[in-house]
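Okay, so subunit A shows up in both of these, paired with subunit B first and subunit C after.
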Partner chain A sequence: MMWMIIGIGCLVSIYAIVVLERRLVYKTWEFGYPVAAFASYFIQENVKPRKRDKTFYETAPILFITVAVLAIGIFPWAESSVIANMATGALFFNAALAYIMVALVMAGWAPNAVYPMIGGWRFMGQLIAYSMPIVMAITATVMRAESMNMMAVVESQTGLWNIVYQPVGFLLFYAASLALTFLPPFDLPNAPGELEGGVFAEFTGTRLLIFRLGRIILIFSLSLGITHFFLGGWAGPFLPGYVWVFLKTILVACSFFVVGNLLPRFRHDHTLEWSWKLATPLALFNILWVGILLLL
Partner chain B sequence: MGGNFIIVMNIIRLSILIILGLGAIWFAWRVFMTSSMVRSALSLLASMAILGMMFLVMEAEFLGVLQIMMMATEMSIMAIFMMMYMMDPGGMGNMDMSHQKKLSIGTSLVAGAMVIVAVSFSNWETIATEVPTPAKQNYDLGMELMKRSMMIFETAGTSILVAMIVSTATALPFKNKKDD
Partner chain C sequence: MSALQQYTILFGMIVGTLGFVIVLYLLHRKMVKMRKEPAKDIPAESGRLQPKPAWGRYHVHYYGYALLFLAFDMEMAYMYPWAVIYKEVGITALLDMGVFLLILFLGLLYTWNQGGLKRQ
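Let's turn to the complex of A and B:
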C-alpha cells in the first residue's frame, strides 16, 4: 500500500512539475499539456539524420532516462521506506549524474551535425565543472552524517537542517543542480534561439519524448536530492513523512523555474570560470567549515 | 538446505561474473576495432563500467560504485582529448586505429603472463570467510590509502595532474612575440 502511494506520488509529482513549468515559464495554466505533449511526440514521425552513429543514436535517450530514474532509487520516502538502501547511496547519486553527461555526449555526437555536437561538448564542460561543487557539497553532508547512507544523512539533520548548518554547501548544490539539469540560466547545451535545440536538435518523435521525460525526471531527482541532503528529508510536523518529501521536492523544482525566469543565460566561458575559480574553492571552504563545526 | 542454497548462489554469482568479464573483454576489443575516437573512448567506458559491476557482484559496494562513477568522467574527458589530438576523430578517413601490431601483441601477451604469474604466486594470506559490511570496507580502504599505500596513490595523483597540465599547455596556440 505504502509503495503504491509513493509510486502514484512520483507520477503526480512529475505531472505537477510539467504543469508548473508551463505556469512559471510560459505563464499559462495548461493541465492537459503533459498528456497532449506525450501523445503528440508519441505519434510524431521519427525523422533520423542520414549519416548518424546508429548505436549512440539509439542508446543515448535510453541511457539518459535510465540513470535519471536510477538516481531516484536511493532516496528514502519516510523513516523505513527506501527502494535501494545502499551504504554508498550518496556516492551512487553522483555516479548516476555522471552518466547523464555520457548520455548527452553520445546524443551530441550521434546525429553527425553541428548544433548537437556543440551542445554535447558544452554540456560536458559544464557538468565536469559543476560536478566538483556538487560532489564536495555532498561530501560535507556525508561528513556530518558520518555515513553515505541516505537514511543516516536525513537522520543527521534532526534538530538542525543542513541548509542552516552549511548554507554555502546548499547554495553550491542548488546552483550546480541548475547546471546539471541545464535549466536557465545554464541552458547552454540546448540553448533555444542560439543552438536551435542543441543536443536535442536532431531527435524527433519517441526519442525526443524520452529525452524530455528524462529531463523532467532529472529535475525531480535533483530536487529530491536537495530535499534529502539539505532540507531534512521527510521531517515535518502533522503530515506523514512522504507527503513532506513530495511537497518539499515540488517546491524546490518550482524554485528552479522561478530562478531561471529571473536570470539571463550566462556566457559559456563565464559559467566555467565561476565554477572553477569560485565555486570549487568555496566548496573546499565548506568542507573545512563543516569539519570545524564537527570538531567543536 | 542452507548449504545447497549457498552453493547455488555461488554458482549463479560465478556465472554472472564470467558473463560480465566476457562483456568487459568484448568492449575492450571494440576499442581498437572502431575508427571513431568517441566510439573508442565510450567502448572503454563500457568495459570499465562492467568491471565496476563485477565489484558490485563481489559485494565490494564502495569500490564498484566509485569505479562506475569515476570512469564516466574520465573516459568523457579522454574522448574530448582524443578528438583534439587525432587527425581523423570521426573515423571518416578510414584511419586504422591499431599500429605496431606485432610489438603491441607481444607486449600485451608478456604483460598478461606477468599478471597471471603475480596472481598465482602471491601470498594472499588468509581469505576472509565473510564479506565485511560496506561501512567496514570503507574504513579499511581509508586506512590502506592513508597508511601503507599512501605514497603510491599520491604519486599517481601528482603524475596525472602533471600530465593534464602539460597536455593543456601543449594544446594552447603558440604565440610568437615577434609577430605582435
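Let's turn to the complex of A and C:
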C-alpha cells in the first residue's frame, strides 16, 4: 500500500514539475502538455545521422535515464520506506550522477556533427566546475550525520535543518545542481538559440523522448537530493512524511525554474573561474565551519 | 536488508528502466513508418554541408582546470571515510584533515598565481 502511494506520488510530482515548468518558463498553464509532448515525440520518425558512432548513439539516452532513475533509489520517502537503504547512500548518489556527464559527452560525440560535439565538450567543462562544490557540500552533511546512510542524514536534521546549519553548503549545492541538470543559467550543453539544441540536436523520436524524460527525472532526483540533504526530508507538521517529501521536492524544482528565469546564461569559462576561485574555497570553508560547530 | 539485497534492488531498477526503454522502442518500430527521403540523415549545420567528419581534435580551453580537478577529486576519496568518523575522533581529525587540505589549498593558490585559472 505504502509503495503504491509512493509510486503514484512520484508520477504525480513528475507531472507537476513538467506542468509547472511550462507555467514558470513559458507563462502558460498547459495541463495536457506532458501527454501531448510524450505523444508527439513518440510518433516522430527516428532520423539517424549518416556517419554516426552506432554504439554511443544507442547507449547515451539509455545511460542518461538509467542513472537519473538510480539516483532516486537511495532516498527515504518516510520514516521507514526507502527503496535501497544503503550504508553508502550519499556516495552512491554522487557516483550515479557522475555518469550524466558521460552520457552527455557520448551524446555529443555520437552523431558526428559539430554542434552536439561543442555541447558535449562544454558539459565536460561544466562537470569540472560543479563537481567539487556538490561533493564537498555532501561531505559536510555527512560529517553532521556521522553516516553516509540517507536515513541518518535526514535524522541528523531533527530540530535544525541543514539549510540553517550550513547555509553556505546549501547555496553551493543549489548552484551546482542547477549546473548538473543543465538548467538555465547553466544550460550550456543544449543552449537554445545558440547551439540549435546542442547535444540533443541530432536525436529525434523515441531517443529524444528518452532524453527529455531523463532530464525531468534528473531534475526530480536533484530536487529530492536538496530536500533530503538540506531541507529535513520527511520532517514537517500535520501531514504524513511522504507528502512533505513530495511537496518540498516540487517546490525546490519550481525554485530551479524561477532562478533560471532571473539569471543570464554563464559562459563556460566564467563558470569554471567562479567555481575554482570562489565556490571551491567556500566549500572548504563550509567543511571547516561544520567541523568547528560539531566540536563545540 | 543486507547490502547484496540492496544492490539487487538497484540492479532491478536498471533492468526496469531498460525494459521500459526497449518496450518504447519496439512499440515505435511497430507503429511508426520511416519515410525514405534523400539527404534526410545529414547532421544539421545551418543549411551547409559539413566539410569533414566532426571527430577532429578540439582545443579544450579548460585543461588547466582539469589537472587541478584530478588532484581535488583524489582528495575527495579520502574525505568520505574521514567525514563519517569525524565526530568520534574529534579535534585530532580536524587537525589531520586541516593540514592535508591546507597543502591542497596552497596548490590551488599556486595554480591561480601562475595563471592556471583562466581560459587557456
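The rule is short, and it goes like this: the second predicted complex is superposed on the first by the 296 of 296 C-alpha atoms of A that agree within 3 Å, B and C clash if a C-alpha of one lies under 4 Å from a C-alpha of the other, contacts with A are read in each partner's own complex, and residues count from 1 in each chain.
In this text, a contact is a pair of C-beta atoms (placed from the backbone, for glycine too) under 8 Å apart; a residue touches a chain by one contact, two chains touch by 3 or more.
Predicted model only: the values in this text are computed from it and were never measured.
Student: In the superposed model, does subunit B or subunit C contact more residues of subunit A?
Tutor: Tallying touched residues of subunit A, the top partner is C.
Student: A:47 in the overlay: touching subunit B, subunit C, both, or neither? Say first, second, both or neither.
Tutor: A:47: touches subunit C, not subunit B.
Student: Please work out whether A:113 is in contact with subunit B alone, subunit C alone, both, or neither, and reply first, second, both or neither.
Tutor: Second partner only.
Student: One more residue to check, A:147. First (subunit B), second (subunit C), both or neither?
Tutor: Both partners, subunit B and subunit C.
Student: In the superposed arrangement, which partner chain does A:274 touch: subunit B (first), subunit C (second), both, or neither?
Tutor: Neither partner.
Student: Would you check which partner chain A:206 touches, where first means subunit B only, second means subunit C only, and both and neither mean what they say?
Tutor: In the superposed model, A:206 contacts subunit C only, not subunit B.
Student: After superposition on the shared chain, which partner residues are touched by A:33: those of subunit B (first), subunit C (second), both, or neither?
Tutor: neither
Student: Identify the partner contact of A:131: answer first if only subunit B is touched, second if only subunit C is, both if each is, neither if none is.
Tutor: A:131: touches subunit B and subunit C.
Student: So in the superposed three-chain picture, is A:87 touching just subunit B, just subunit C, both, or none of them (first/second/both/neither)?
Tutor: So A:87 meets both subunit B and subunit C here.
Student: Between subunit B (first) and subunit C (second), which does A:102 come into contact with in this model arrangement: first, second, both, or neither?
Tutor: In the superposed model, A:102 contacts subunit B only, not subunit C.
Student: Shared contact residues on subunit A for subunit B and subunit C?
Tutor: Comparing the two interfaces on subunit A, one with subunit B and one with subunit C, the shared residues are 86-87, 91, 109, 112, 121, 124, 128, 131, 147-148.
Student: Subunit C touches which residues of subunit A in the complex?
Tutor: So the residues of subunit A in touch with subunit C come to 42-51, 61-62, 65-66, 69-70, 73, 83-87, 91, 109, 111-117, 121, 124-125, 128-129, 131-132, 135-136, 139-140, 142-143, 146-148, 196, 201-202, 205-206, 209-210, 268-269, 272-273, 276-277, 280-281, 284, 287-288, 291-292, 294-295.
Student: Show me the residue ranges of subunit A that touch subunit B in the complex, using the header's touch definition.
Tutor: Counting only subunit A, the residues touching subunit B are 53, 55-56, 86-88, 91-92, 94-95, 98-99, 101-102, 105-106, 109, 112, 121, 124, 128, 131, 147-148.
Student: Where on subunit B does subunit A make contact in their complex?
Tutor: Those in contact with subunit A are residues 36, 38-39, 42, 45, 61-62, 65-66, 68-69, 72-73, 75-77, 79-80, 90, 133-135, 138.
Student: List the residues on subunit C that touch subunit A in their complex, please.
Tutor: Interface residues on the subunit C side: 1, 3, 6-7, 9-10, 13-14, 16-18, 21, 24-25, 27-28, 31-32, 34-35, 40-46, 50, 53-55, 58, 60-62, 65-66, 68-69, 72-73, 76, 79-80, 83-88, 90-91, 94, 97-98, 101, 105, 108, 112, 117-119.
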